[in-house]
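Have a look at these structures, which come just after this line.
In the two complexes that follow, chain A is the common piece, with chain B as its partner first and chain C second.
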Partner chain A sequence: MEITFNGKPRRLPKSISIQELLDQLQLDCRQVVVEHNRSIVSHQRLAETPLNHGDTLEVIHFVGGG
Partner chain B sequence: MQIKINEQNYTFDDNLSAGEVRDRIKADADLLIVNGFPASAETLLHDGDLLILIRRGEIPGADELDALLTSRHTPGVQRVVKQSTVGVAGVGGLGSAIAIALARTGIGHLIIVDFDVVEPSNLNRQQYFIDQIGLPKVYALRDTLARINPHVRVTAAHLRLTPANIAEIFGHAMVLVEAFDLAEQKVMLVETFAARFPDRPIVTGSGMAGYGPANSVQTHRAAANLFLCGDGATAAAPGTGLMAPRVGVAAHHQANAVLRLLLGHDPVTEKA
Partner chain C sequence: MDELIIAGRSFTSRLMVGTGKFASNAAMVAAMEGSGSEIVTVALRRVDIDNPQDSLLRQIDPTRYLLLPNTSGARNAEEAIRLARLARAAGCEPWVKLEVTPDPYYLLPDPIETLKAAEVLVREGFIVLPYINADPVLAKHLQEAGTATVMPLGAPIGTNKGLRTRDNIAIIIEQAIVPVVVDAGLGAPSHAAEAMEMGADAVLVNTALAVARNPGAMAVAFRKGVEAGREAYLAGLGKQQDKAEASSPLTGFLREK
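The block that comes next holds the complex of A and B.
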């Protein structure tokens, strides 16, 4: 299946959760905000939220300082 | 013709100059502002013009002050921002500068929240003063905001924001400003507020440490209702400190994004 990941097409195996994708990409999920199909997903729900063909996923990485 | 002078309505014959009207209403005024811009006494007035008459050095009464403070604003902006409530989460380098910019803009209600107190190491970039060291930042900032614009209502909360209290504290915020220091806290705030208020915009800061080019600090739309101001990469770290100029650039990107959102404009592009 194919999703749009940070604005670009990306092929993925079937039945993968958002958490599994973040793990594969070695992203520190404590420092990212995830938007799935234009809704922000809280951390507690990343593992239980499956990705489907045609989905849009934005992963926004934050750095410290303010 | 109808002219509004220092927020009061007047009717005059046509073809009068700003100076002629000044002589009738406030002869000692030495600064004339027509429709938000300084004007000469010879400037011809037209029906519907907004005229502000100021005598330099005079501290105006409370009634007049509100109009005079905002006399350089684009007409129409004031009405909108005065009705607005903005939340500022964290009042360190970003949040203190953002709150001051928004107070100067005449935002009706600011909700400022932070658990920290003013320390000497803050003064290299945060909008506090030597005589405020040791005070909770939100109370020091509330005092400063009152000195700038007493017509801004300020709700100051000296506490730590958590998933349990964010929705309640910022329940009335039409726009939320994220101005925390730690990346994990930025994420926590965004997730919590977005879960409760998915249609309200959040304006965040990420990547403003060091003294890299100011032009690398930008405003992006990171998600449907999430705007990110900064270079997106330069974290505060050993050897890369936070400094007033670049933190200020990012802070004012955030403040301008808030203003554009309140006025119904896209923060990133010219389109409405």
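The block that comes next holds the complex of A and C.
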């Protein structure tokens, strides 16, 4: 299946949770905020939210800015 | 210095700093420390999984600094609101520096979209600090909408040109019922001092620190500029006039009959 991850297509071998994807990518969930199909997913719900074919995921973090 | 109060919260420092454009995290931290700031701005962007970076948040002690997320990159109200909600979901306090800049060349803020976003965010419980052009009428509308400050620009972002909007900022200050924070374009400590002498409540500086040869030392210079300007404002500046008026007595010795 394929999702759109931060604007780019990304293949996933099977349906996994958002938390599992973050773990695979070695992203610390406490340092990021996640939007799944334009809805914000709280940190507590990352593990229970599955990714499906065609989903859009945005993983955002803080960077320097004025 | 006397306290700065924004939305009921008091601050000792009247200098806010941005965290963008620094050559290194060490330079950014040096600038934050030198500035004496208690409020630092940050931006939100996509994680780049091909180029993993150390988290910015690891560099900023949340007990010392209030993190003020901005909505930079937003081109309309909807995008700004989305960014503000993401920042809050990331665990920030509900403070947001609202900026909507559709024009990529001058990065001038869109007044209509900024007002629209401010109205929504205030309703959602955000403490909204809107970045605006130095437009006194817009500043009034935003204050009526319930923003915690107004942040008029001195000059376009990153230009280091100083207070090019001085006369309009003076009107905003005269009419303000919330703190006025001069943001953007301040390139030298004298610019910051000038804004504070006029009665601005605070200033926000980023580029001038980030591009300095020594950001930490420049931040100290800005802190002194802000303090000097505030103290001069409180002490009461003399009026300007056209004719000279001698400081020394003109009578009492030479040419006296």
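Couple of notes before you dig in:
Keep this in mind: the second predicted complex is superposed on the first by the 62 of 66 C-alpha atoms of A that agree within 3 Å, B and C clash if a C-alpha of one lies under 4 Å from a C-alpha of the other, contacts with A are read in each partner's own complex, and residues count from 1 in each chain.
The working rule: a contact is a pair of C-beta atoms (placed from the backbone, for glycine too) under 8 Å apart; a residue touches a chain by one contact, two chains touch by 3 or more.
This structure is a prediction, so every number in the text was calculated from the model and none was measured.
By the touch criterion defined above, A:Ile16 lies against neither chain B nor chain C after alignment on the C-alpha atoms of chain A. By the touch criterion stated above, A:Leu25 is placed in contact with chain C alone, chain B being left untouched.
With both structures placed on the common chain, the touch criterion links A:Gly7 to chain C but leaves chain B unconnected.
By the touch criterion defined above, A:Ile40 lies against chain B and chain C together after alignment on the C-alpha atoms of chain A. In the superposition on chain A, contact is made by A:His61 with both chain B and chain C.
Looking at chain A, you'll find residues 30-33, 35, 40, 42, 58, 60-66 touch chain B in one structure and chain C in the other.
Across the complex, chain C meets chain A through its residues 18-22, 28, 41-47, 49, 52-53, 55-57, 67, 69-70, 72, 85-87, 89-91, 157-158, 184, 204, 206-207. Interface residues of chain A, counted against chain C in their complex, comprise 6-7, 25-28, 30-33, 35, 40, 42, 58-66. Contact residues of chain B toward chain A in the complex are 90, 92-95, 179-184, 186-187, 190-192, 194-195, 198, 204-209, 222-224, 226, 228, 230, 232-237, 242, 247.
Chain A contributes residues 30-33, 35, 38-40, 42-43, 58, 60-66 to its touches with chain B in the complex.
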